[in-house]
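Before we start, here is the structure in question, set down as structure tokens.
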Amino acid sequence: MKLEIISFGKISEFITGQEIEVSEIDNTDQLQQYLETSFPQLLGMKYKLAVNQNIIQANQQLTENDQVAIMPPFSGG
Amino acid sequence: MKLEIISFGKISEFITGQEIEVSEIDNTDQLQQYLETSFPQLLGMKYKLAVNQNIIQANQQLTENDQVAIMPPFSGG
Amino acid sequence: MSEKKIKNIFMDGAISPAFIADSIAQHSTKTAIGGHSIFMGQVRRDEINGKFVAAIDYTTYQEVALAKMHEIREAIFEKYPLSCMHVHHSLGKIKAGEICLFVFTSSAHRKPAIDACNELVERIKAELPIWGKEIFEDESHQWKENI
Amino acid sequence: MSEKKIKNIFMDGAISPAFIADSIAQHSTKTAIGGHSIFMGQVRRDEINGKFVAAIDYTTYQEVALAKMHEIREAIFEKYPLSCMHVHHSLGKIKAGEICLFVFTSSAHRKPAIDACNELVERIKAELPIWGKEIFEDESHQWKENI
């Protein structure tokens, strides 16, 4: 399955925007494990995911060409 | 005893600034009775007194040449 | 009362947006500030018994108001870690749509500025001897009462 | 999501006092308004490990931030009887002492404007995907975290 990964803030310093091709990943929990293995800097960080511009609160199915954003804690204002 | 009376807001429309000469008045409770007799429009109105620029919360002795202000409810802001 | 100089919060006529902008701009050199809170009172064109308020004419018992404001100012500075506090109130005839009260507080973090601003507005309305005469479009009037 | 147009709250660079004055002045024709509440966030020259913050560089996930802000806006209008609500947030490099957030609410009586303004500030800080990179005077940086 092909996914587009985008990232923000502190996380954008070690994960740049990229397309990834993954197998055996069906949902965001699995993707999260994959990301934490590929980018160990994520371990111990708080972050949220958004799938196709919707911030997700729980595990969610992924489908071909989904765009997944990795977002560290917000610090606007 | 001579007192100076000043007034504000709605009350200034029927009590103008004036010096009054009163006898048998020693304190603000007595003055208040005198004022409500002289200016019956005060009856039923809420108002506060200030003696020599200090807003009073309870009955207070008056002395010669005191300045007494009669103030309706505040409406600033 | 402390030795600090009593500030005059009163100004003749409406408080202009330019005056407010100026006041804000003066804080750009105070780089310990992280949050500003502002309250502005604006004269409403209220309809009362079919007549519209055209303006409010404000008067005060100035000596007493300024002494009381000084006391409030010191209490608020004591209670909240503020960098700045500014209060301005109009006197005279302020037309509907114009600004008659400007309260401006600043602090390193937002909470003290916000809480102090709110408390100031409540105390100013309740404790300062200021009176507003609502003047209708036909020149008749009634005295405003704070609710 | 309703049919109302999604407003863009973002602007490049600092929010100027003149911009704020303009926004205030535009409300003088809205004569049902009696109270305005404003919150402004200003970049602090914080000292962190002996280095001073010179600026904060703000970025956002704009589509998500604007959709979330739209949702917040509708919730606040639903909850409080407001006449107006304006929110502006800076993007890019904002120097210490400059204003990066401007929240402005107005209502007939003061309470709804004040409460709505406070709630907006809290929700903006907690819910909008915006990130601030604190840039020190020596060009090094660290990522800001809201407390």
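A, B, C and D are the chain letters, set down in written order, and residue numbers restart from 1 in every chain.
FYI, a contact is a pair of C-beta atoms (placed from the backbone, for glycine too) under 8 Å apart; a residue touches a chain by one contact, two chains touch by 3 or more.
None of the values given here were measured: they were computed from a predicted structure.
**Q** Can you compute the centre-to-centre distance for chain C and chain D, using the mean CA position of each chain? Integer Å is fine.
**A** Averaging C-alpha atoms per chain gives centres 23 Å apart.
**Q** What whole-Å value do you get for the distance between chain B and chain D if each is reduced to the mean of its CA atoms?
**A** 49
**Q** What whole-number Å value describes the gap between the mean CA coordinates of chain A and chain B?
**A** Distance between chain centres, rounded to whole Å: 74 Å.
**Q** Return the distance between the CA-based centres of chain B and chain C, expressed in whole Å.
**A** Chain B and chain C have C-alpha centres separated by 27 Å.
**Q** Taking each residue of chain B in turn, which ones touch at least two of the other chains?
**A** As it turns out, chain B has no residue touching two or more other chains.
**Q** Touching at least two other chains at once: which residues of chain C meet that condition?
**A** 41, 121
**Q** So that we know how the chains sit together, what is the shape of their touch graph: line, ring, star, complete or other?
**A** Contact pattern: an open line, chains touching in sequence.
**Q** Strictly by the criterion at the top, what is the full list of touching chain pairs?
**A** The list of touching pairs comes to A-D, B-C, C-D.
**Q** Any idea which chain B residues touch chain C in the complex?
**A** Per the stated touch rule, the residues are 6, 8-10, 50, 53-55, 69, 71-77.
**Q** Quick one: which bits of chain D touch chain A in the complex? Just the residue numbers, please.
**A** The contact residues of chain D facing chain A are 41, 58-61, 63-64, 67-68, 89, 100-101, 121, 124-133, 143-146.
**Q** For the complex, give me every residue of chain D touching chain C.
**A** Contact set of chain D toward chain C: 17-18, 20-22, 24-25, 27-45, 96-99, 106, 108-110, 114, 118, 121, 147.
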